[in-house]
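The data blocks that follow each hold one structure.
In what follows, subunit A forms one complex with subunit B and a second complex with subunit C.
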Partner chain A sequence: MTELPPLKADLALRLRSVRRLRLRSLWQMLLVLFALALLLPLCANGYWIKTLVSAAAIATAVSGSALLYGQLGLVSLCQYALVGVGGWTALRLSHGLHWPFELCVLAAGIAASATGMIAGLPALRMKGLYLALVTLMMAGGYQVLISAMGFPDGGEGWLGRAQGTDRVLMARPALAESDGGYLTYAMLWLAAILGLVEWHKRSKPGRAWALIRRGEAAANAAGVDVLRYQTWAFGLAGFCAGVGGAILAGGVGQLDGRAFGASESVMLFALSVVGGVYHWLGVLLAGLLLRAVPALLTDYGVNGYLATMFFGASLVHALTTAQRGIAGQWLDGIAALSHRLRGSRVTPGVRHD
Partner chain B sequence: MIDIQNVTVQFGGLKAIDSLSVQLTDPVCGLIGPNGAGKTTLVNVLSGFARVRQGCVLIDGESLLEKSPVQRVRWGLRRSFQTEQVVEDLTVWDNVLALLEQVEPPRRQQAEKVGWVLEYTGLEAVANALGAHINLFQRRKLELAKALVGAPRVLLLDEPGAGINEQEAAELRTLILGVHTLCGAQVLLIDHDVELIKSTCSQTLVLDFGRLLAVGPTLDVLNAPQVRSAYLGT
Partner chain C sequence: MLELLPFLISGLGVGSVYALSGVGLVVLYRASGVLNFAFGALGALGAYVAWTVLDAGLPMWAAWLASVATAMGLSLLYGWFIAPLLAERDSTIRSIGTLGLALVLMGFTEWYWGSSPRRLILPTDAIGIDLADVRLTGTRIISLVVALAMMAAIALLLARTRIGLKMRALANDRGLSAVLGVYVLRVDTVAWLLSGAFAGVSGLLLANIVRLQATLLTFLVIPAFAAAILGRLHSLPATVVAGLVIGVLEATAILLPGFAPFRTAVPFLLALLAIILFPNTQRLA
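Up next is the complex of A and B:
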C-alpha cells in the first residue's frame, strides 16, 4: 500500500485528548496508591498495620482474579491456591538459597504464573460453571497437597520443613524491616502490579481480550490467537497471585497450610465481584473486605466469621443490582456529585458552551 | 478469484453443501438462497469455521483450506457476521485497531490506516465513542471498517445491511461498491435483500439445499425460472 496521508488535524487532536485522559487516570491510580503507601503506616496502629499488609497482599492477588473475570469473563476459583504457590516458592528460595527479597517475589510470581497457565488450560475448552468447577477442584487438590507438605520454615531437604523451635521467619527486605516500612513496601508492589495490569488492559492484549470476551468467533475473525491470549491472561493472573503470596509470606514471616483451603479461593473470587472487577478501586476494596472487615469486627468484639454472612448478602446485592461492584457504585456517585457541583456553578440563563 | 472445487460439508446425516463447484471472478459477487440453503455454511468454510468433507478452495490460485482461521485473517480474508460483533466497551477507533494490530506488525502507519478506513466509512466523528454508544447503522459501518483495515484480499459480508433503513442501505451500497477500487479486495456479499444484491453485485451465486442452483451475471440469475421458483417464489 502506498503512503497514507497523515491523520486529519481534528481527529488527531481528539485522539490525543483521549490518550491524555487515559494516562491521567493511570497517574491518578498510582498517586492514590503512593499516598496510601506513605500515609497508612503513619495513621495505623500495630494491629492494623499487619492487617493492612495482609489486605495489600490479597489485593495484589485479587487484581489477577478481576482481570480474568472483568476482561475475559472467565471464572477462576483457584486464585488463592496460586497465592499459596507463590508463598511456598518465596519461602523456599528465601530460606534455602537466601535470595534477595525482590528476587524471591519475582520467582514466586513466575512459579504461580506457570501454574496459572496450567490451570487455565481447561478454559480453552470450557467456560462458565464448568471452568469454575475444574479450577475449584484444582484449589481442592492444592489444599490437600499443602496440608500434607506444609510451607517451608527454614528446615533441611526439598520441602524445607523444620522441627520444633528451629523454625525461622522469612527475611524481609533491608529497607522494610519494620511493620510500617513493610506496609509501604507491600503497597508499592501492589501499585506496580496494578500498573502492569492496567497497562495490559489499555494495550494490544487488552483489546484482544475484549474481542475474546465478545465471542470466540469474533476474536478468530479478527485474527486473535485465542489460545495465546487466554494463556497470557491466566499467566498474568497467576503472576499477580504469586507476588501477593510472597508479600503475604514476608509480612507474616511464615505461612500456615491450613489457611489455604479451597473455600478461600471461592471467597476471593466472590469479593472480587463485590468490590468490582472493572476498576482498580474494586481490587483495593476486595482486599480490604477480605482482611480488614473481619479485623474490624474483631476490634468491636464481634466474631470475625460473621463477615462471611455479610459477604454473602453483599454478593447477592452485587449480582442483582450492582454488577460493577461497590467500586462502580462509588464511581457513579462521585461522577453524579461532580456533575451536580459543576451544574450548580452554571448561571441561569447564560450559555456555557 | 474464488475457485470452489467440489466442496462438500456434512453435519451428521445432513449435507449442508453438496459437491459445490463454482468460480467467482467479479469484484463484487452476491450469494443468495432461501433459509437453510448453505450460504452461511459456505462463508464458514471460506473463513475456516467449518470443515469440509471433500473438495478444495483456491483464492487467487492459493489454497485456503490448509490455513487456520487466524492465518486466513492474516493472509487477507475478512468476514462479518449476521449479528454485528462490535465490542461495546472499546471505542470505535480501538475496535478497528484491535484487528489491525493482529494482522500487521505494530507502528507502521497504524494510526493513518485506522483513520483512513474510518474516513472512508464516515465514522471519523464517532472515533472516540464507545461501541455501546453508537447506533445500528454506525455499528454496521464499523464492521465494514474492521473488514477493510490491514490490506484485505477477500471480504465475506454476511447480511451487512440487516436492520438498517432504505437511506442507510443506499449509503452502505455505495461503500461496498467502492471497496474494490479502494483496496483491490474482492467482495462476496450474502444477503436476503435482492435489491442490495441487484445494485451491488455483477455476479451472483444461488444455492438451494446446499447445491448450486445458478451462477452468472446477477440480472440473468435473478430472472432465471429455477431461481424465481425456488428463491423468489414466483
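Up next is the complex of A and C:
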C-alpha cells in the first residue's frame, strides 16, 4: 500500500474523525427521537400529548427555517405561512379525495415546497435583508388570504368549507388514531424529516450550500450552480413546513385561519435562532419553546407574555453572544462535563456538534 | 367620484401614518443599516403610556409628549447598548436583532396592560369638519399635518444640516465616514432618537385610528415596510408617496366586487410587485 505524505495523512485522519463524529450525531438523533416517540405517549397526560404533537409538527417546520439560516444565512419570515399551505392541502385532499394520510402529508410537503420555491425565486435576485422583507410580505399576504378563505373542513366546492355542525375533522392514519399513537407517528415523521435534512447537509447539496455561504463568486468559480442549489434549499425548507402543516392538521383535526398570522412566522424564525440552527437538538428545542413552554407556563399560572419577553431577550442573546443557540450551549456544557469526567481539558472554541 | 371620497379621506389618514412609519424606518436604515422591526412595538408601548396619561386626567399634550418620549427613550437605549454589539455583523442580523426588542416590548406591554383591546380616545376626536358628507375629525387633521410636518422636517434635516450630511455619509459608507472623522456613535444616537420619535407619533395615531392592542400595533408595522420597500429603503419622497398610495388603495379596494376581504393584502401585493419589477435590487440589500 502506498504511504500518504504526512500532511495528507493528517487530513485524511481528521476527515475520518469528522465523519465518525457526524455519523455518531446522526445515530444519536435517531435514537433520541425513537426513544421519545415510544416513551412520551406513556408518560404524558391527554393535554400534554396534544401539546407535544403540536410541538413535533412545529419542530418539523423549524427544521426548514433552520436549514435556510444555518446553511445559507438566509432569513425566511414566511415559514409558518408555508405550514398553512401544507395544512390546507392536506385537509383539502383528505376531505375531498379521501387520500390515505401519508399521501396527504407528502402532497402537503410538495405543495408547500413548490410555494417555497416560488417565494424564493424573486428573492434569489437579492440578498440578506431584502429576502427577509420579501418573505415577510408573503407571510402578510398569506395571513389576509387564509383569514378570508379559511381551511377546508369537509364542505363542498373548491374551498371545501362546511357550515355549522357539518364540519368534520381530518381522518388520522389507521395506525395512529389515538392521541398517544398519533404522537408517536408525529415523532417518526419528525425523525424522517430531520434525517432528510441531515442527509442533505452531508451530501452534495450540503457542500454546495457551504460554498455559497462563503461567497457566491467563490461557489460559481467552483462550478456550483448557485440558483439551482438555493432554489433546492427553499424547496426543501418548504417541504419541511408542508409536512409540519399536515401533521398539525391531523393532530388538531381542523385548522383556524386566524392562527396563521405573519407574527407566527416571525416568532418561528426568532425561536429557531434561539433554539440553535446548527444542530438537530436546536430544532427540537424551538418546537418545545413555541408550543410546550407556553403550555407549561399556563399550567403554573404564569402569564404567557413573560415568555414572549424571555424569547425576545434570548434572541438578542443568541445573536450577540451565543450564535449556536441554546442547543450549542447545552452541547458545550455536555462536552465540558464529559471531558471533566474523563480527566481531560476542553479546547476552547472547538465545536462539539 | 363622490362615492370614493369617504374612502379616499379615510385612506389618506391611514396612508399618512404608513408614510410616517416608512420614513421613520428609512431614516434609521440609511444612517445605521438597521431596519427596525421593533418600530411598531415602540409605538405600541408609547400609545399605552399615552393612554395611561389620559386615564389619569392629564391633558392631551402630556399624552403626546409621554408617548413620543417613551418611544425615543427606548429606541435610544437599544441604539446605545444593544445595537453596538451587532455593529460588525451584516445588515440582516443587525435588523433581526430588533425583532428581539420587539418581542420584549410586546411581551411587556401585554403583560403590564393586558391583552384586551382598548380605545384610545383623544379630545381632538370630538371636534372636526364636514367635507362632502364625510366627517374629518380633529385627530385625522392633526395626523395629516403632523405627518407632513415631520416628513418635511426630516427632509430638511438630511439635506441642509451638518448632522444630516453626516447621516448621509454614514449611509454611504460607515467605515470610510468613521475614518474621515464622523462620530459614528453620535450620528447613530440621533438616528435612533429620530426613529423613536416617528415610532411614538405613528403608534399614537394608529392606536387612535385602529385600536390600542400591543400585538396588533407591533405587527401593523408590516404595511409600513411595504412603503419603505417601494421607497427602495432609500428615497424619503418615494416612501411618503408609497405610504399614501398604499393607504388610499387599501381603503378604496373595498369598492372592488369580491375584493373587500382581501383589501388588507394591498400593501404586500404592491411591495412584491415592486420587488419583481425593480430593475436592480442587488444594491438595495
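Here is the rule we go by: the second predicted complex is superposed on the first by the 320 of 353 C-alpha atoms of A that agree within 3 Å, B and C clash if a C-alpha of one lies under 4 Å from a C-alpha of the other, contacts with A are read in each partner's own complex, and residues count from 1 in each chain.
Keep in mind that, in the parts below, a contact is a pair of C-beta atoms (placed from the backbone, for glycine too) under 8 Å apart; a residue touches a chain by one contact, two chains touch by 3 or more.
Because the structure is predicted, anything quoted here is derived from the model rather than measured.
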Contacts of A:K204 with subunit B and subunit C, given as first, second, both or neither: first
Touching partner for A:P5 - first (subunit B), second (subunit C), both, neither: first
A:A222 touches, of subunit B and subunit C: first, second, both or neither? first
Which superposed partner A:R214 touches (first subunit B, second subunit C, both, neither): first
Subunit B versus subunit C as contact partner of A:L42, first or second or both or neither: neither
Touched partner set for A:A174, first subunit B, second subunit C, both or neither: neither
Which superposed partner A:L341 touches (first subunit B, second subunit C, both, neither): neither
Greater subunit A contact set [subunit C / subunit B]: C
Partner chain(s) touched by A:R14 [first = subunit B, second = subunit C, both, neither]: first
Subunit B-facing residues of subunit A, complex: 1, 3-8, 11-12, 14-15, 17-18, 204, 207-208, 210-211, 213-215, 217-218, 220-225
Subunit B residues touching subunit A - in the complex, by the definition given at the top: 47-49, 69-70, 73-74, 78-81, 85-87, 89-91, 93-94, 97-99, 101-103, 106, 109, 111-113, 115-116, 118-119, 124, 127-128, 146, 151, 183
Contact set on subunit C toward subunit A in their complex: 35, 37, 82, 85-86, 89-93, 95-97, 99-108, 110-111, 115, 215, 218-219, 222-223, 225-226, 229, 261-262, 264-265, 267-269, 271-272, 275-276, 281-282, 284-285
Touching residues on subunit A, where the partner in the complex is subunit C: 73, 75, 122-123, 125-134, 136-138, 140-141, 144-145, 147-148, 261-263, 266-267, 269-270, 273, 303, 305-316, 319-321
